[in-house]
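One structure below.
The letters A, B, C and D name the chains in turn, as written, and every chain counts its residues from 1.
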Amino acid sequence: MSKRDIAAVVFFVIITVFFVFSALMIHPFGVPENADMDDEIIKGAQSETGTNNGVTSVVFDYRGFDTLGEATVLFTAVAGVIMVFRRLKNE
Amino acid sequence: MNEMSKIVRTISSIAFPLIIIYGLYIISHGHLTPGGGFQGGAVVASGCAMILVAYGSIWTIDKIKEKNLSIFESIGAICFILLAIFGLGFGAVFFNNFLVGSDFLFGTIPSFGSTIANINTGGVIPLMNFAVGLKVIAGLFAIVLVMAYASGSKEEER
Amino acid sequence: MIFNIPFIAVTALVLIGLYTVIFRRNLIKMVIGITLIESGVNLFLITLGYRENSVAPIFTSLPPGTIVPEGMSFPVPQALTLTSIVIGVAVLALMLSLIIHIYRHYGTLDAREIGGKEE
Amino acid sequence: MNIIDFLLMHSPALIVAIPLLGAFLTPLISRINNKARNIFVILILGLTTSIVLLLANDVFTGNIHTYVFGSKDLALPIIRILFEVDALSAFMSIIGAILALVAVIYSWAFMQENTGLDKFYTLILLMTAGMFGMVLTGDMFNLFVFLEITSIASCALIAFWTNKGKSVEAGFKYIVISTISALFILFAIALLYGQYNALNIATLANAIQFSFLDKIALVLLIVAFAMKAGIVPMHMWLPDAYSKAPASVTIVLVCATQASLYGVFRVCFTLYGNTINLSPASIGWIIVLLGIITMLLGVAMALIQSDFKRLIAFSAVAEIGFMFLGIGAGLTVLENAEMMAAIGLPAMSGGVFHIINDALDIGLLFLVAGAIYYATRETSLDKLGGLARNMKYTTVFFIIGLFAVSGIPPMNGFASKLLIYESTFQLNPILSIVAILSSIMLLAVFVKVLHSAFLGPSIPKFKEVKEVPKSMLIAMGIIASIIILFGLFPELIINHIVEPAVNALVSYGDYIREVIPTFTGGI
């Protein structure tokens, strides 16, 4: 095995340990420890944003700027793909 | 990509309008039921991709150029960011939901708890859903179209 | 312990993906690995937002007897997952189009062969 | 309310929104003609730069700006996205604004002969907007989103010359590295969210218990950001990406790398600042060691390169080492107030000052390399020669960059490196000797370039080479004049720009207290 392979194995083992421990130590499924932010959002969703859908109220109102970012990511990818497949001058 | 057999083309022509209507329904009811601009846009874009697969990329790129799709995408994105900037004029901050509680379009506020669906709610959210929907339709279809055309034209060269 | 199955699935997905990215040489397989890691992370996010016996946070025709807000699952992780899925699609599209170009230039998809070749 | 107050109040949002709107409009504007598009892009970035300077001017006096999206007041618990601008964020956004503006001015002539330019400018604007978002945001998930915008845009731009296999390969390498690191960051965010049900940086910093899961999240965050910032064990992608991208992209890419460096600082100092129970001294020594290794490796690799752009890329790696040396040396004495005033603050201001100097010096050198490529279509040092006869201005700019990067007065590199040498000498003489040695080696590297590319006998192939067009000269001139300005008046810059940033880095308490008034920790 080359040095590079050994480094890859070590990296993989360390990350494995991290992920296994985090899956073991996080709170049990279905019993969150803390719910401040989400309770506040569910309570306010109808009166503040006028939507019946809590998820949409988060996506487009409470965290609307994230959605702008998300739309921008898609825009970036489209621009990137079209640019990569553009017609070059000498072709 | 070459066009497929006549059976496939006919079936996809029949299914295409239904898929479009279903996608538009998901977009326009985003504030009431599960779904929204991204999901509905993805449905419509996959309908368009079905047409692309059935008729072939050369036929499709004759009908609609990726440049035009890119313009549509820009318009969707500009509408979205303008709706955010309008909040700055009305409510003095970005992403202010300035239509909620007004007598104008989509201004009704539903009562707390379980309610029946009323499409005239949500403030700017339905408008944003439409803007994002337009953007996603044009964007995803442009990606698929460009990639299909580029990988297809290479095959012909060989 | 049986209730923690989603977390086990998350770990499995992430580790299979990571294994594929690190130890496979084929570029398409690397991309598949990245997609697997991404699904694992998305599953993790959405799992964190579940409360026992809860319904989706949608008020239209709510089942009678639902307590608000305790009887509803969290909306924020769902929104985050939505964002992360769209980002994943964008990255996937770009990676695949670069792979098409790499294949045109080098005629192979093996990462090591590409690294050794001159143009 | 007059227009200045209005702009100042909304500036955190406008700094991101204006380039985004510009990017969305560019495909429409480029329908008119190319000249209109170029002017439009320059105008958009000029407007953004002026708003950044307006905001920075206010922030450097000690205010911290917060901006809540969608609501006027800041209600607890924070459920909306929050932008929080302190002096460090303002400092980083100044770098980004200046270099992005220079990059588009340079591109006018440099990219003129290429196709697909409307997408090129769109992506440059998107990359700049993503960078601003990364440094201004106060929300972890928002940071992830903007990180992705930056990396997708830069990946597409690195692969701009798709007719060259190597640049497509560099782009692919970059996107794989950045996607994996972004997914690590997302996983760490999910860990934090699962425990504390919050995404706001200040709220999280207040709530964090430093449990085992938090430690995992910390390691994942630091590994991911360090991978993107090109710190030594994870720098493989950096020389490829820097050397294969068009020169005007590289200069923005330098800023994007530094925005990731900002991510490391924000995570270490603010998010975990209150709870990290390793002593700052030991973290400081780790950072110093990392800096020394980065420096030596970068210089050693730069010495053996024969490709001009690759050589500059490796010296960029070495420059990152200087920043780490300065900031790490400051951390080692953080707990001792006397030593801090005597050694720590100068060392840290040297390190932070070097961030902006590195961006300017390396940026100028890449622009010179791009100019040579434009004129001769060649970047290999073995084939170049005698260019000083025909390209007088470019040679002058190269000499300015050479002096600046190797820390010779009266350039800006001297000001920041002197601070680092002086303070590390008091800490441990070996450190400063190694730093001076690397500087001298950098000088040797670039004198070699000067000799082989600009001086020497003229090569028949390059007899007809002409000086590059005006827009490229103007772009290089802007950076060169800023370099000389910083070199002539270092005190002014250090007092008004660098020291507020250093204070923001050290005193994380103010950042948290701006959102959560009851927070008591912090220096």
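Basically, a residue touches a chain if its C-beta (ideal position, glycine included) is under 8 Å from a C-beta of that chain, and two chains touch if they have at least 3 such contacts.
It should be emphasised that the depicted structure is a prediction, and the values quoted were computed from it without experimental measurement.
Enquirer: By the contact definition above, name the pair with the higher C-beta contact count: C-D or B-C.
Expert: Higher contact count goes to C-D.
Enquirer: From the C-alpha centre of subunit C to that of subunit D, how far is it in Å?
Expert: Those two chain centres are 29 Å apart.
Enquirer: Between subunit A and subunit D, what distance separates the C-alpha centroids? Give it in angstrom.
Expert: Going by mean C-alpha positions, subunit A sits 24 Å from subunit D.
Enquirer: From the C-alpha centre of subunit A to that of subunit C, how far is it in Å?
Expert: Their C-alpha centroids are separated by 9 Å.
Enquirer: Would you give the residues of subunit A that are in contact with at least 2 other chains, written as numbers and ranges?
Expert: Residues 19, 26, 32, 35, 37-38, 41, 46, 52-53, 55, 57, 59, 61, 63-70, 72-82, 84-85 of subunit A touch two or more partner chains.
Enquirer: Counting only residues that touch at least two other chains, what does the list for subunit B look like?
Expert: Within subunit B, residues 32-34, 38, 70, 74, 77, 81, 84, 94-95, 97, 110, 112, 115, 117, 140, 143, 146-147, 150 contact more than one other chain.
Enquirer: For subunit C, which residues are shared contacts with two or more other chains?
Expert: Residues 14, 48, 56, 58-60, 68, 76, 80, 82-83, 86-87, 89-91, 93-94, 97-98, 101 of subunit C each touch two or more of the other chains.
Enquirer: Looking at which chains touch, is this a line, ring, star, complete or other?
Expert: Shape of the chain contacts: complete, all pairs touching.
Enquirer: Touching subunit B in the complex: which residues of subunit C?
Expert: Counting only subunit C, the residues touching subunit B are 56, 58-62, 64, 66, 68, 82, 86, 89, 93, 96-97, 100, 104.
Enquirer: What part of subunit A is in contact with subunit D in the complex they form?
Expert: For this pair, the touching residues of subunit A are 18-19, 21-22, 25-27, 32-38, 40-41, 44, 61-66, 68-70, 72-73, 75-77, 79-84, 86-90.
Enquirer: Using the touch definition from the top, list the residues of subunit D that touch subunit B in their complex.
Expert: 10, 13, 17, 20-21, 24-25, 27-28, 31, 67-72
Enquirer: In the complex of these two chains, what residues of subunit A are touching subunit C?
Expert: That would be residues 8, 11-12, 15-16, 19-20, 23-24, 26, 28-32, 35, 37-39, 41-43, 45-46, 52-55, 57-59, 63, 66-67, 69-70, 73-74, 76-78, 80-81, 84-85 of subunit A.
Enquirer: Which bits of subunit B are touching subunit A when the two form their complex?
Expert: 30-34, 36, 38, 66, 70, 73-74, 76-77, 80-81, 84, 94-95, 97, 100-101, 106-112, 115, 117-118, 121-125, 128-129, 132, 135-136, 139-140, 142-143, 146-147, 149-150
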